[in-house]
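Each of the two complexes below includes subunit A, the first together with subunit B, the second together with subunit C.
Up next, the complex of A and B:
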């Protein structure tokens, strides 16, 4: 019976797959067509716009093609580089915290015992991840309010003294960093936890008998299982921070000054406040190129087995 | 260290995790039950007489209520459309061999990474030209860019786990490909389809940037509404937090339902 089944399968895949040549096409066509129309077509149109002088507030000037002028302007634009630099700084600020808290939480949740409390803590990790990003910004504005915010109450209580968080450049940067750490630490914790549970039970138990050192266990037994997840986190978090808009927009609108002007916020302002669509499109295309590099990297490193 | 002490530390650590994850959520919900004087108290009060006035206010406010209805309509339509388009594509990716399959697969996945601002600019210009600004349709369509990949990813994974023998047996009985998909893959893959639907609902419900740019008054969604409170001097914090709670509560419940799949959904399957 078993043998017969295999035989049928083998001959079928070799000679006749059992479906027509066009069958896959009909199943794929609607989704591919939809993504072409709503994804690729606008991208091409952004590319075209990026080669034009395109300011909506001045339609009389027309929208002439100006070659690479927008790109030259963007690349020599201090503010654009500053916002990219700020985005990079945001990444290196929040990520160590997210990784560190993430691994601590994962180890706490992986440790046997206290089943009920552990299950409760594990499921609570989903709450920050699901919270509407814009609402995270609203909560942030309330928590970090100068006069009646709970952050200042806490700092006063431990004797440090409060500050005008959203009114000062450093304060605002810290405030959005804290909210991002709150929202995305669970993401890192869940990935680390998945890695920890991949360690075969026999190996982990044998290692526990060998050594009582927790760090040795982590370093030599568990770490190899955590690395693929770590790669995924590094790439996905950088893509997500390049995308980060909602929470920061609600909390600070990029201010005060340009203290929290991350790249997506900046492009949005050039496009929809200054209405310089040509310039904004050029910036968006550059952002898109960065994202494509990131996603190629992700695919190369994460889906090795498929390629 | 004695085992009791370790247990106590473990418990304390877990409680700290709970406080960390739930505090901002708790603060929002508790603030939504405060009256204005409690809200503006400095330092903030932790114990107070709860009031339902903020909720009465927002449900009487046509704009807030309308925006929640709009969010519901947009999220439901785009979810339905994503599943309708995405599930067949996932089936093709799971079971057929054809040229360019891995490229196609990666293209779907890459869409997960793209910043919404890249598409928001051209789609805004197109929507103005086509007079589609402030319509449900434009939001529903643009939300497909992030919903379709998630549906395709999760469903492909699910369909692959269905035994291929079922399909072969059905084919021997003379069933055509669409019947096989409808009668075997849809019912057996339903858990995966449901999870992917919940994800696309959550992502669409939470979306702000496209909605901010592409809607005006009539199809304004709830997150846009909530942020629009943020102007003027005396902010109505009670109403803001009540609106926030009403927005977050349904998606939190959905997210708890799919909590086991959360990581897979957010990483496109980097971890099992």
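Up next, the complex of A and C:
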């Protein structure tokens, strides 16, 4: 038997001459290495910096370890909480629109027929996603320009007078929300579309024979397949909105007043205008913790394996 | 006899022509000699996408040809230029020249990121015999290039706040000259030049959140009304009568500005004048080119320029600009090569081609030339503005960027009416004193320099 076993092993080795104990390691190594360099190392570095007094424009003061002082300062900083509150408001404003429009677009694209048009629509959905944030901001500034912007021309055409978008606190908030909805609804649509295409054809057909109600079909057959995508989307959007910077900075620079001063804009200011890297790192680490907690919550509350 | 006469005449002519040889030729000979040891060296600097930089880029081949030094420049937006340089200087990067906005001079000098020019002027082999520091407008050399009694940078891209106005619209409204004072502008001119139903407004004050709000809008209304950001003890002076008067004036003037003025940056304000939506703006001299270019402006001959209006405390217009200084981090040979470039770029010799290419020189002599005065309408008011001014129009100490952020936030909240000028001033004062306290200005650790 033993001899037989050895024989099999030898034959296998001969069949796969390049395969050894270390083979999986080499396959994984590039990804792990890249992750270490661009993900783990900066995070650890930020964590260490967050415990130091680290203002790079004041090298004379040195960079001593100061324990939790930066964290205490952040947590007692009114502006930080205000900007975090505004970010939360932004999140709950844009997300329902993105989910609603996303699911509508996905359902439309999931319907059979019009193959060519559907393919075209799918491709055009990628355009907003592929647009750089700063460019979205520039487009936003043009669209919402008070005098020659498309937004006001449209409002005037339907009889509602134009408004001063970027110059008023409410207008500016709506403007950045609209641009975010424009850019990210296609992402939701594509994820939902992927979810819908995972529903086994036979189950969907059987359900269509059972009921003519599209709502029931969506609720009982399609929705379970959409939940994993929805969870991923919530996680990605939370992380993304917490770090949303370029588009808002280009459009409003956080103004007017503090109307669009999202937390990322505030952190950028602390980090790269005041250059207080210690404080900015502490803020970033707190955001990271928040993102992780939110992700765990989403997974626990929404994510369900399909059986 | 005749031969002798001819000979002496030719000798005289030769002497005369030698004496009148343009100083350019001599100076450039000097530059060639001084540049020899650095042939093939490369120096690095950051430029902005503004007329003064485009002008020097046009002239660069001449410098590179004479000296053999290669000038590498990267064009970055103003908003990122400090960030980029600070990161470069703190990580021993490759920049050999610092582009110093007047509000950064304290920070750059105190952190030893830039080298005092004394280090170079003591070496005649690398110093222009025509350097003539007294040929710069004293206000510019003091404000843009000096800190704590030492000179670090030479004024390169120079601005003064000016009143640009649409003389045709003013004439239609019955005014044949621009307002001389801010009060006149508000009470006489503004009501007659504003017609909201036609989307026409008297004035636009660029006030977008950021340095535009803090420097161009907020600080602009403090000084002429007798206010200031800080008092002598470096405590907030924003609740003083003068400061409050200035801030209230800005609120009153807003009635005659286009709606949404808090979202106007330089581009929007200049464009509003260029397209005839507003009749007057106070903007940097550097925008003259944009306003005269038919591709970007409808104004044509209607464009006129005057010094900024005076306030009860006098004419104290906005002052801004950049100097070029040698970066301390550069190796010795590149420091010297950079010094040659800085002297050349700010020299009297290239002042004329620099101005003709769209730059604004900081040298006095160029603006005395009648052709220059005649060709560029902004020259006379600008020279008048540079005769007197406050170098600390915006404090130039290292704490300014942090304070600027506070002013930008609360300054625009004031304009929006979210807080009163008094409450806003109080809030800025508290936060500003907190920043200055941390910087060590109140416990005698630091000299009160601004």
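Rule of thumb we're sticking to: the second predicted complex is superposed on the first by the 227 of 307 C-alpha atoms of A that agree within 3 Å, B and C clash if a C-alpha of one lies under 4 Å from a C-alpha of the other, contacts with A are read in each partner's own complex, and residues count from 1 in each chain.
The rule is simple: a residue touches a chain if its C-beta (ideal position, glycine included) is under 8 Å from a C-beta of that chain, and two chains touch if they have at least 3 such contacts.
Everything numeric in this text was worked out from a predicted model, so none of it was measured.
By the document's definition of touching, of the two partners only subunit B reaches A:245; subunit C does not.
Of the two partner chains, subunit B is the only one touched by A:299; subunit C is not. When the two complexes are overlaid on their common chain A, residue A:111 makes contact with subunit B while staying clear of subunit C. Between subunit B and subunit C, B contacts the larger number of subunit A residues. Looking at the shared chain after the overlay, A:273 reaches subunit C, while subunit B stays out of its contact range.
In the superposition on chain A, contact of A:59 is made with subunit C only, not with subunit B. Touch criterion not met for A:213: it reaches neither subunit B nor subunit C. Using the contact criterion defined above for the overlaid structures, shared-chain residue A:164 touches subunit C, although it does not reach subunit B. Of the two partner chains, both subunit B and subunit C are touched by A:147. Common to the subunit B-facing and subunit C-facing surfaces of subunit A are residues 147, 272.
Of all the residues in subunit B, the ones that touch subunit A in their complex are 7, 10-11, 13-15, 17-18, 20-22, 24-25, 27-28, 31, 39-44, 84-86, 88-89, 91-93, 96-98, 102, 104-126, 141-142, 144-145, 148, 152, 164-165, 168, 171, 177, 181, 202, 205-209, 212-213, 223-224, 226-227, 230, 237, 240-241, 244, 247-248, 251-252, 254-256, 259, 262-263, 266-267, 270-272. The part of subunit A that touches subunit C in the complex is made up of residues 56-60, 146-147, 164-169, 172, 252-258, 261, 269, 272-275.
The residues of subunit A lying in touch with subunit B in their complex are 5, 8-9, 12-13, 17-20, 23-25, 27-28, 30-32, 34-35, 37-39, 42-43, 45-46, 49, 101, 104-105, 108-109, 111, 113-114, 117-118, 120-143, 147-150, 152-153, 156, 179, 182, 185-187, 190-191, 194-195, 198, 228-229, 232, 236, 239, 242-243, 245-246, 249-250, 264, 267-268, 271-272, 277, 280-281, 284-285, 287-288, 291-292, 294-296, 298-299, 302-303, 306-307.
Those residues of subunit C that touch subunit A in the complex are listed here as 82-83, 86-87, 90, 107, 111, 199, 208-210, 213, 258-264, 277, 398, 401-402, 404-405, 408-409, 412-413, 415-416, 418.
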